[in-house]
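The chains carry the letters A, B, C and D, assigned in the order they are written, with residues numbered from 1 in each.
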Amino acid sequence: MPIFARNILPALNSTVLASDWPAGFWSHLIIFIVILFVFVIFMAMGFIYFERRFISRFQIRIGPNRIGPFGLFQPVADVIKILIKEDIVPLNADKLIHLLAPIMAIAPAIMVFAVIPFQNGAALVNLNIGILYIVAVSSISIVGMVMAGWSSNNKYALVSAMRVIAQVVSYEIPLALAIIGVVLFAGTLSMNGIVQAQNIPYILLQPLGFLIYFLGSMAEINRTPFDLLEAEGEIVAGYNIEYSGFKFALFYLNEYTEAIAVSTIITTLYLGGWRGPSFGLPVIPVLWFLVKVFAVFAVIIWVRATLPRLRIDQVMGFAWKFLLPLAIINLLVTGAQVVFWPVLSHWVIVGVNVVLAAVLILAFSRFFRTAGDKIEA
Amino acid sequence: MSLKTETFLVNAGPQHPSTHGVFRMRFILDGEVIQDVEPVFGYLHRGIEKLSEGLTYSQDMVFTDRLDYLASMTNNEAYAVAVEKLAGIQVPERAEYLRVIMAELMRISSHLMGVGFLTNDIGAFLTPLLYMYREREKILDLFDMVCGQRLTYNYMRIGGVSQDIPDEFIPALKKFIDTLPKFIEEYEQLLKTNEILLIRTKNVGILTKEAAINYSTAGPVLRASGVKWDIRKAEPYSVYSRFNFEIPTGTKGDVYDRYRIKIEEMLQSIEIIKQAMAQLPQGDIMAKVPRVLRPPKGEAYGRIEGPKGELGFYLVSDGATNPYRLHIRPPSLLNLSPLRELAIGVKIADAMAIFGSIDICMGEVDR
Amino acid sequence: MTVELQAAEIVTKLEAALPGSTVESGGNTVVIKDEFVLKAAAFLKNTAGLDFNYLNFLTATDYTTYFELVYDLVSLEHNHKIVLKTRLNNREKPELASVFNVWQGADFQEREIFDLFGITFTGHPNLKRIFLWEGFQGYPLRKDFKQ
Amino acid sequence: MKLNNYGEGIAKGMVVTMKNAIRAPITTQYPEKQLHISRRTRGNQLVWDKERCIACSMCARACPVGCITMATSRDENKKLKVDKMDYDAGVCIFCGLCVEACPQKCLYMASEYEKSVYSRNKLNFTKEDILMTEKSKPSGYYSPENEAKLPKQTLLVDGKTWDK
């Protein structure tokens, strides 16, 4: 390390990156990583608070309002409480994997934020393959969950781990296909580039793609109606049933980090990211970004407050029989539009795509047919 | 190619989020599919039948509150009906009408809980349940007003009811009955056509008509399977013969039918309460019953239609102040008997839906 | 309205099919000999016109010298009912044929009687204690049970 | 082909939940806001009017769980008097049968519900503890004169009182 630091780092700094990074590569990196971590943790606490308050409104309750003004410090109290709990490892657990699992789960979820543009160019790294990086990294999280499920030596956890593997792997495919539609329109894989290309939000240009991505990502982060892996009515708490204390806190944080990640990705891909009337002030785009993120999360909460849970075979069937064909059709249509009518006004395409989405959903609604169909996973 | 697999045993309960109390199911699972299930209970066994033998007839009333604690009023009524049959007591008109009003309110409340917990079991995060709690709370308010408790009412007495209703009861009841259909309509919008609810409940856990009869199921479970059997019509007790109401029946006997039956029955109960309110006579609320009741030697079986099915008390008297034998026909326990047959071959999630749709109360199962 | 069938009517039919099975009768109650329970149950269920397809409840009473088993039978079709009773005089080792194969609703109720009265039902597929734990001493609903 | 089940039911349900989200919550903040409970509440305490009591022990005999222990003796005028009247609120099931049994109507349930204690033996009350004083709040259970004195019950059906 000393040799590396003394010789190679300055070389890197001065030669390769000096021009791009005004404060020097490493200081830039460290500062921004710290900012990101703080951002993620604060956002997670904000999300926890927001979810609890908002869902209680749907359930005609008040929600946590005791600690601090409007109960704002409730998440802080929860964190303190959870951290001072005893860390219990089951006797027959695979101790090493049991320890590594939460770290394995949370690291990729935080890594996603490296390429999220909070403002024009304000990302940790403006990768030119940003979206590809996200797709690659975000699916590593499930390895942690599977490790947790396996190492806990608990049958509920094992069932949950099996469910999460089947579910997340299936939903990766329609998810990626839906993203390609956006990429085709934007003509770039860079997250910042995609935002810059959105003169009208892609939710209008890609209504079907948005729907597929939204549903798929809800399955990916295991929210209702796809929250099979922690279906408390069936397998109690799922993969993290044998976790307590700090390790459980990491899983809990992971759950919300993934929710934030998905909300930010949806905001970036479909809702125009940081774009919005800025009135010439430098902070406004970040605010726009946050408002959109919370709006997306509000919809997710709304869905959670309303819907029951699907069964495992129905979840799998939904991915393969409903989302995947739709995603492929969407991709073909988008490709055709980009290749054959590149000069056509965007608003015409918006109209065509909205109508097409409605027709396709109606046509595929036979999936919800209830007469005696046994969909085997 | 075949993989070598093996089944494994999973315990759901006694502490499990969707067992409605301390109930345990031992699943033998092949992956997600249930190969065998054995219901295990007795965790809440308090020996009420034995305890009752040691106390007087009027004191036993308080134990019936603790049977099905979501429907204490009807338990009270069933016991009172049985003892009255044994001792040959004629109940005054007004008391009968009050009993009908209370029993139907209790039925609405119990069915609200049944539907709410069913949606909870199939994964709706508390929302429909909490909406239904709201309506149940209004009913509990009314009960509280009449008898001073929210859960263990101890309202019915042998030969009548304990206290007359206060003046503000009827206006409050009217208000509640008028607004309830609106809220039920809201639940219908929330649940009736919800696609996810449909695919989770339709064609799941089909209990055929023959099986339902053979397994001695009762109440909504039996009616959902298409058997038109309701004690209120089959053997009208109290003043039920004076009211116009329908007995809703299902066609298939799946989870969805069991859910629909409960909603339909609530609407019928509203009709009964409206008629009972209109006909409510003035007069006594208690028959002349000796302070220490000594029914003649003999036995009697009194039954009513409880929210969960036929609830009956089989009493044997040897002429003393205590019952010689008191047996409870628990609808919850008997409705559980088809559980094993229904659950074999389905996935865990469906088993929970089936279990939720049977709508049991552990206080009554274990007694 | 549920019709309570007169016992005399049932007794004649039972005696015709199973001679010597009934002990006494009165009101809506027929008392039969314990060895005829299974046959009488099958007869009552499968005979046209009777069709007692619904076992309403099944319970037992301890009369200190003998146990009395009560089968409350209902026909949902004809809406009539009858009470079938049988008596067991053997207190040490009471045994009775299970009616599980006639009415499956008897499953839990027979287990309950086994648990609380100690009456063994031969032919029951899963006869074990239902409420109390294995190894509990005594049968609580017997009158001579002392804690 | 009949087009159904395309998500219409889900959308309807979402509208219902949103409609409820705009409504006022029905829960109340308990210690700050206290609702009027039923006038006939069978609260967790007994109130005993010593003056009217004839020491007949009917209450103790009516109790199904035996939480009232009474000991009586004759005084010099051959009148019964209460020596001991212990009431164990930890065993009590608040059925109200004792109140009903009292021929003199000198025993009341209390309309109190904030009686939690840290130790179970603090729930054993002697006759001095349950004695009727100015502070005790007898409820209207089986006692119409008390019922008339108590404030009217807050009802969820009425709505308004819960919203404020």
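We take it that a residue touches a chain if its C-beta (ideal position, glycine included) is under 8 Å from a C-beta of that chain, and two chains touch if they have at least 3 such contacts.
Note that the structure is a prediction, hence the values are computed from the model and not measured.
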item: Per-chain CA centroid nearest to the all-protein CA mean; value: B
item: Computed distance of Cα centres, chain C from chain B, in Å; value: 25
item: Between chain B and chain A, distance of the C-alpha-averaged centres to the nearest whole Å; value: 44
item: Centre-of-Cα separation between chain D and chain A, whole angstrom; value: 51
item: Residue list for chain D, restricted to those that touch at least two other chains; value: 5, 7, 10, 13, 16-17, 20, 26
item: Residues of chain B whose C-beta touches two or more other chains; value: 127, 131, 134, 190, 194-198
item: Multi-chain contact residues (two or more partners), chain A; value: 58-61, 305-307, 368, 370
item: Which chain pairs touch, all of them; value: A-B, A-D, B-C, B-D
item: Residue numbers on chain A that touch chain B, as the complex places them; value: 55, 58-61, 155-156, 159, 162, 224-225, 227, 231-236, 304-314, 368, 370-372
item: Parts of chain A lying in touch with chain D, wherever the complex brings them together; value: 56-62, 65, 302-303, 305-307, 361-362, 365-366, 368-370
item: Residue ranges of chain B in contact with chain C within the complex; value: 38, 41-42, 45, 47, 49-50, 211, 213-217, 227, 229, 234-236, 301, 310, 312, 314, 316, 324-325, 327, 329, 333-334, 336-338, 366-367
item: Of chain C, residues touching chain B in the complex; value: 1-2, 53-57, 59, 61-62, 70, 72, 76, 79, 83, 103-109, 116, 126, 129-133, 140-141, 145
item: Interfacial residue positions of chain B with respect to chain A in the complex; value: 8-10, 16-18, 29, 31-32, 119-127, 130-131, 134, 190, 194-200, 202-203, 347-350, 352
